[in-house]
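Sharing a structure below in structure tokens format, with a few things to ask.
Note that the chains are named A, B, C, D, E and F in the order they appear, and that numbering of residues resets to 1 at the start of each chain.
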Amino acid sequence: MSIEFLVATAIGALTAGGIYLCLRARTFPVVLGLAMLSYAINLFLFAMGRLVVGKPPIYAKGVAVYTDPLPQALVLTAIVISFGMTALALVLALRTFLETGTDQVDGTPDPDLLDRENRT
Amino acid sequence: MTVTVIADAVIAGLLLLGGGFALIGSWGLAKLPSLMSRLHGPTKATTLGVGSCLVASVVYFPVHGGVWTAHELLITLFLFITAPISANLIAKAYLHGCHTAPGEQSMMAEGMPDAAENGADWATFGYDDAEEDPLSVPTGAGGKDPSA
Amino acid sequence: MSALIAAPVLLPAFAATLSLLFRRRRRWIGAGVSIGATALLLAIDLVLLGQAATGEIGIYALGDWPAPFGIVLVLDRLAAMMLVLTAALALAVSIHATLTSLDRRGWHFHPLFQFQLLGLNGAFLTGDLFNLFVFFEVLLIASYGLLLHGQGARRLTAGVQYVIVNLVGSTLFLIALGLLYGVTGTLNMADMAVRASALPIGDQGLFRAGGLLLTAVFALKAALLPLHLWLPRAYSGTAPAVAALFAIMTKVGAYAIIRTGPLIFAGAAGRYMIPAALGTMILGFAGFLAARHLRVMTAFGLIGSTAILLVAVAVFQERAMAAALYYLPHTTLAAAFLFLVTDLLIRWRGTEGDAIVVTPGYRGQQVLAALFFAGGIALAGLPPLSGFIGKLLILQATLSSSWWPAIWAAILITSLVAVIGFARAGSTLFWKSSGDAPPSPGTSGARALPLKEAAPAGFLLALMVLLTVAAGPVTAYMEAASHQIFDVADYARAVLPPASGVGS
Amino acid sequence: MIAAALIIAMGCIALAMLLNLFRLFRGPTPADRILALDTLVINSIAFIILIGIQQTTTTYFEAALLLAMVGFVGTAAYCKFLLRGDVVE
Amino acid sequence: MHLILLALLPFLGAGWLALSPRASRDVHAGIAVAHVVAALGLLIFIAPGVLGGAPDALRLPWVPALGLDLSLRLDGLGLLFAALILGIGLLIVIYARFYLSPRDPMGKFLSLLLLFQGAMLGISLSGNILLLLVFWELTSLSSFLLIGFRSDTADGRQGARMALAVTGGGGLALIGGLLMLGHIAGSYELADVLLRGDIVRASPLYPAALLLILLGCFTKSAQFPFHFWLPHAMAAPTPVSAYLHSATMVKAGVFLLARLWPVLSGSDWWFYLVGTTGLVTMVVGAAIALFKNDLKAILAYSTVSQLGLMTMLFGFGTPAAALAGIFHLLNHSLFKAALFMNAGIVDHEAGTRDIRLLGGLARLMPITTALGTIAAASMAGLPPFGGFLSKEMMLEETVHTAWLGTHWFVPALAVIGAALSVGYSLRFIVHLYFGPRRDSYPAAPHDPPLGLWAPSAVLVALTLLVGLFPAVLTGWLVVPAAADITGGTASGFHPALWHGVTPALVMSVTAVAAGVVLLWRYAPLLRAWAALPLFEAKPVFQAGIERLVRAARWLSDTVHDGSLQRQLALLFLLAVAIGVEGIWYGGYSAGTRELLPAPPIAIIAWSLLMAATAAVALVPRQRFVTLIYISVIGLVVSLAFIHLSAPDLALTQISVETVTILLLLLALNLLPKQPVQLSSNPERVRNLVLGVAGGVTSGLAAWAVMTREPRNPISSFHWANSYSGGGGTNVVNVTLVDFRAFDTFGEIIVLGIAALTIFALLQPAARGVSGQRLRAWIADLPRSPERHPMMFAVAARLLLPLALMVGLYVFLRGHNAPGGGFIAGLIVSIALLMQYMASGFEWADQRRQIDEHALIGFGVIIAALTGVGSLVFGAPLFTSAFGYVSWPIVGKFELATAMLFDIGVALAVIGAVMLALAELSHIAQRAQKEPVEDDGPMDIDPAKLRGARP
Amino acid sequence: MKRLLPHPGLTAMLLLIWMLMLNSFSMGGLLLGAFFAVLIPVYTAAFWPDRPAMRWELPLLRFVLLVIRDIIVANFHVARLILFRRNRDLRPGWLAIPLELHSAEAITLLAGTISLTPGTVSVDISTDGRHLLVHALDVADVNAEIAHIKARYERRLLEIFR
């Protein structure tokens, strides 16, 4: 078994899980799905520089074998951006829930909340 | 030469010790019967497990890397500060869960003592003389708790 | 090339931060900074347009790192045109928003607005694909903020969908970028174009998938079937003035397709884009006719008219592209104009908002009625406004496509649908009086529109008139721009320094 | 000698992680899962140090340091959630 | 230049009128009259040259790319048409001045009328077929406003919309047709197009172009079956009807048939399409007209019929027929405008237009009766009026026309049509003016003031004079026009009241006799007509539109059902399909790169990740537990980054992970913890299938790239220049703050905006519905009374300085080793957040001493200024500089502007993270409206409890 | 001086940490570290009010060494328990340790020490701040264990926190 295989299957699994969650009917799992997708994407983007073990991109004279630093820089940017986006999506989901009483992605009434409000 | 060999032996020993204790800690985590017992397991991983590896590293780098490193000590410091707090908080969370989930009175079975005199209770459960029953839910998000 | 090229990115950055830092002081400072900066931006963009019009491709290597290794800004005719259009639209919207106090109905309107401009301008200028992604994100996240400005349940639910769909879009963007980098080893558009042509067969499948995926992401922004579903709810849910600014957002997607399609991917997506655009057109104008609210109607009109633009783009041929380029500012201005008019209508109408229902005592609103009529003419593409010329250009140019009968039928029939829809809405809104009963006070509260508030909308209308009157020089510019877009070698020559080890 | 010890140690850590995994899924209480995660983080720190030794590089130590710090924050946040619902109040 | 002025004058008048809404009625009328008179004068001034055979032309470039030039051209045909437009227009303006009531906005009305006039004039003057299109569409738009002038009535609105839909639709077809025509001809200049008839007719596109153009003409000229809009356009004020439906709007279609006659006619397509349509329209329109009761409806259907006549004549395709057609066009304009005015007068004075309520007006309104009778006689084709002459010519032409080989068909139908038109004309005269006087008219009828009848008197006089002296009076106008239609010199214009006994005369007499019979036997005929299964077009049309709208609503509502799940499913499906497509069509070969063996620990970490991923997806209802699994995923990904030589990524991932979890926990507190399941089983299966498909695709894509050798990536430059050019050994960091600093600049802006938006979102959350909900919110978890545990609080305060120190260190070394501004910013944020967690929001917030908004602002400004700063040194934006400085005692150290940039990054990150989390963390408290007191950093402070501390 | 150096001990500790992180000695690094080590306590002083007086010298060092020794010993002890004792043979127990220590810092240090030595975990404090709740994995005599902890750790801490 190769590391490439592990990484590829991990990307696949994270993508699958992310998609599965993104297609759910409530905002919270969708945000989780987005988070998972962003893991998958970060790994994917990173893998596009090919995998190298034990050669971090710290420059030293005369070193010829190194990890492609560019995808790493891109992933860094992507991590930060997707963090901001996920945070925003999450807060928006919460805010919408507070405003509308539903956390359904389609904005339809929420059985849970009705249930809870009936209880009190 | 001999220094290196001795150092290598020390390093290897420390590594084995570290790995071993980390494993034992996790074994405890998996094996022990209740959360309160399991909580004791990871302490080993934290202290001797990681600690031995760190010390091994401290010894290893001057010998094989040609550099002194002391980051490991810093990691140890952080772990030693944080690990007890983590354990404390996890225990509190567990007790709180047992206390508020009827039927799961496991800690009573383990014979938890009262918080002694003056009618005081353990902080997680609140004051016995307080007007609030810890089982009841407080009203309002972030509302003032009587205990606060 | 002078550093002026970077001004459209840096100026909004400073304006945004300044209005952010001044937020605790009097609020007019923020508005003043924002409007002033936008006006200055328009002036700068006009200078840049003048430079680009010479035909020379302006290159600016940020950080003094040569392409393809660093990020370069590229100013060609297309970019300059998009910059000017954006600034002009932004000027109208920022003034409108300030005049109508939209900026006080929530936090941080002006900083978000300026950041939005920053993102847009950056996207138009950059010559680097990943940098394009970054600016897409900037403009998207700023658009989230603007979309939600003022809030309310409807806006929030619409916002949730808009944000999530675009987040998934960004995810796909990154996948596409990764694939392209993994296969070609570069991020610079020009360099990628050069390397793509030398790609071995075995790699071409991956490259193609990456290119198509990237195009799909752009199509998502451009609201192309089946990726347009997010738009109606989002645009009709937000404040109409914000939606007016968003008229340019679909064009960003179109811009990216126009930029990368001929340059890097040799129009590979065209065969799917044409039917998709035709379908979008039909759905857009069906929604237009079906709409029960003006905002929804305008949103669908935007979808439909953008689809007309995209169908011309999808031919990926110089003449059709030139036609598309002429139609692009028109459709942007028309939709924005109609959104602003809708906003005025909502403001001065009273309780009915933008519902297409009869308003008691609303027959006398001559100015609004005239503006609405003009909006209808613009969006339906009738003379004497520029949409007519744009449509003629597109019809003429698409004759070279084998799809032309379908294209013609779709464009002409949807125009008729638009005319019918507008006539229905307009006659209900401005002609019908409710059962000839005297307007009962309290049910509506419609008041007369102060002309001052109509000035920004009037500005957009004037731009459309200008686009019509000056159609000769404008089309000449667009033809030259289109030529430049298809001249891959010229672009590569300008962007990549001759000495650099380009390609593998 | 060191290489062999490293491999054994890494194997131990790997096994420890598997055991953590077991507890993570087995629970039964949320506190158990938090504990399993906390332990997993600790084992990860050990793992990072072992990689550093294996590659004779100090490059990764900051990661271990950071993990020690933020791992705690995470655990505290989870516990706080169970105790109060509100992580910051 | 005259042409430009001519074309502009009506528009100028319209503009002037529109801009002076407050002037008096007479001023408005004066302005309008002045402009029309001026235009007419100008036309007369130009006319001699044009009639002399030298068309006036002018061409200004407008849109060369399109072939659309401002090309104006006045030839004989255009002159005739323009003269009708302006001449009758002048009379209409005068008539309207007296017709409209004082309540009507005269300025607006005349403005629209002149606008329309300008558009019509434009059609007649266009020397470019695209320019003609522009004016054509303008007539549709302006007539829409004119017809809808009485917008307070449903009839007015519906009539206007119907007219717009039909003529606008035809106009769109015309666009297609003319574009094709120009495409075939190779030019859109009318002069060029007219010369290329042979090329056009030989083109395979000819039938399509012809059909589209005819659609435009037929709809505009109300040809069967598009005739139905015209009668409903009668809802307009009578001056509008008189103008639009006699001389102008409906004639535009006929005019275009004439205009393009040299190019399009001369084929079977033309003959059968145009000729037959005209023939049918003539008969059908006349038949309907006979049985209408509304005066304007009678006139409207008669117009339909007469237009059919003209269309038929042009359809015959012979020069003589074309000559007859153009002559009838002139005649019809004269009598029809007069008749409409007459009907208007009757309506105005008698109070109704229902012919059944009228009759016997001859005594009461003698002038009106005289004028109406003459005009109607001309319409009936009775001598000695103009209508007779052109009808004779028409009948003559039908005799020579064979239709599908039969020679009787066209003449027979023509006679029927003529008979019907005699019938409705006579009925108009007899039933309206003659017969018994009634006792009760809705109003007391009397002749109108001079201003109202004089315009029609002029027309009536003309129609009489034309009948008497046709060649003298109209020859100079009609012959050149006909010559321009046929593209040669028109021959044989010999109109005369008496040509001897010709077949035409026989037919004419037959028609008159039959017409008299029709009127004589009107009552039984009416009953028979009423028994016919005819349907009213308007409800059908409206039902059609409603059906269209319903269909559009169904389509739109079905497609745009607001389902996010559907949108995302489509998006994912498309992405997968694209992957398959790309490989399928693009070509693929497997990679040859050597693979890395996986050590056991990697496999175990991998299984951790896989298990956690599956768990997150499969137990989503236990939201809290799900978060723990997410943490595991994050941890494994970080470890993978470390193992695969990406320490910077690991650091970032670890710290971002923590902040994300904090955010999720903060939000989850207020969200349902274990919501009920919403998705149905099929949905879950769909999601699973899509997920697996997406996973497989992305995994394979990753595998495909990882297993092939890289192709000389540009990053080799970054590696080589990082130290020498960027001054740092951490290539990733140098890339971020130098090579690709612009990306990073955008990235911190994204983060800043995210925080600002979160702030803007949460600020109003404590108010309104959301605030109520927050106040009414019941914590759904039982809560421990202790808010700030002692040990945690104590440890946190010790960790804060340590973490800050680490943050500074990580920041400073970032340029050369893993670290940097972003990670440092996160570390500092987390350290501060720890205080918030441990000791509460209020307590920590009072002590933090930072303003997050300002931090974000300053962060962005510092980064931007660093970028701009390089300009001062003459270097491009975002150029970094670094140097090694040697100070006594301190020693040698590096200073790099990139670090300044990184400071901006760090500040923005701290500001953004703190703003977002702080805002989110006390949203619930704010809703309570009572500030939480600062009750110290920990709930149980033993020292305080024992009194050791105050 | 108090405002410039609010926590001299903390400053020293930070400087030490800084030098450990730098991993190499240079005058510049030292100066920079000193700068930060002064700056950070000034900034964070507000977060740590009412610091108890503390003896930083020998007693603390002795205490630390003692704890390290105990940790190692206890580790082996607990390892034996985990590996070789069956679950049902374990004698887990709760210890409510009465506290003589006053300050939160001191009690936290005690609790931390107890937790770090395997086999015992500090769980909670009483609401009156006078008892510490400790859980032991295997305890034969609760009172003896309490006495042991108090004698071994709390007594020493009382010396440090006077």
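One rule holds in what follows: a residue touches a chain if its C-beta (ideal position, glycine included) is under 8 Å from a C-beta of that chain, and two chains touch if they have at least 3 such contacts.
As the structure is a prediction and not an experimental result, all values here were calculated from the model.
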{"item": "Most distant chain from chain C, judged by the mean position of its C-alpha atoms", "value": "F"}
{"item": "Distance-maximising chain from chain D - centres being C-alpha averages", "value": "E"}
{"item": "Whole-Å gap separating chain A and chain F, where each centre is the average of the chain's CA atoms", "value": "39"}
{"item": "Interchain centroid distance [CA atoms averaged], chain A/chain D, Å", "value": "21"}
{"item": "CA centroid of chain C to CA centroid of chain F, Å", "value": "62"}
{"item": "Centroid distance [mean C-alpha coordinates] between chain E and chain C, Å", "value": "15"}
{"item": "Overlap residues in chain E, where contacts from two or more other chains coincide", "value": "562, 564, 568, 572, 643, 647, 668-670, 698, 701, 705-706, 710, 713-715, 718, 739-740, 743, 747, 750, 753-754, 757, 761, 769, 774, 776, 778-781, 783-784, 786-787, 789-792, 795, 798-799, 802, 806, 817-818, 922, 924-925, 932, 940"}
{"item": "Sites on chain B at which at least two other chains make contact", "value": "27, 39, 41, 46, 67, 69, 71, 74, 77-78, 81-85, 88-89, 91-92, 96, 123-124, 126-127, 141-142, 147"}
{"item": "Chain A residues counted as touching two or more neighbouring chains", "value": "22, 30, 44, 47-49, 54, 56, 58, 70-71, 74, 77, 81, 84-86, 88, 92-93, 95, 99, 105, 107"}
{"item": "Chain-to-chain touches, reported pairwise for every pair that qualifies", "value": "A-C, A-D, A-E, B-D, B-E, B-F, C-E, D-E, E-F"}
{"item": "Interfacial residue positions of chain A with respect to chain E in the complex", "value": "1-26, 28-32, 35-36, 39-40, 42-44, 46-61, 66-77, 79-81, 83-88, 90-95, 97-99, 101, 103-107, 110-113, 115-116, 120"}
{"item": "Touching residues (chain side chain A, partner chain D) in the complex", "value": "54, 56, 58"}
{"item": "Chain B - residues contacting chain F, complex", "value": "21, 24, 27-28, 31-34, 36-37, 39-41, 43-44, 46-48, 67-71, 73-74, 77, 80-81, 83-85, 87-88, 91-92, 95, 110-118, 120-124, 126-127, 147"}
{"item": "Residue ranges of chain F in contact with chain B within the complex", "value": "17, 20-21, 23-24, 71-72, 75, 78-79, 82-83, 87-88, 90, 92-96, 98, 111-128, 130-131, 133, 135, 137"}
{"item": "Interfacial residue positions of chain E with respect to chain D in the complex", "value": "599-601, 604-605, 607-608, 611-612, 615, 624-625, 627-629, 631-632, 635, 638-639, 642-643, 647, 650-651, 654-655, 657-658, 661-662, 665-666, 668-669, 779-781, 783-784, 786-787, 789, 792, 799, 803, 806, 810, 817-819, 823, 827, 830-831, 833-834, 836-838, 840-841, 917, 921-922, 924-925, 932"}
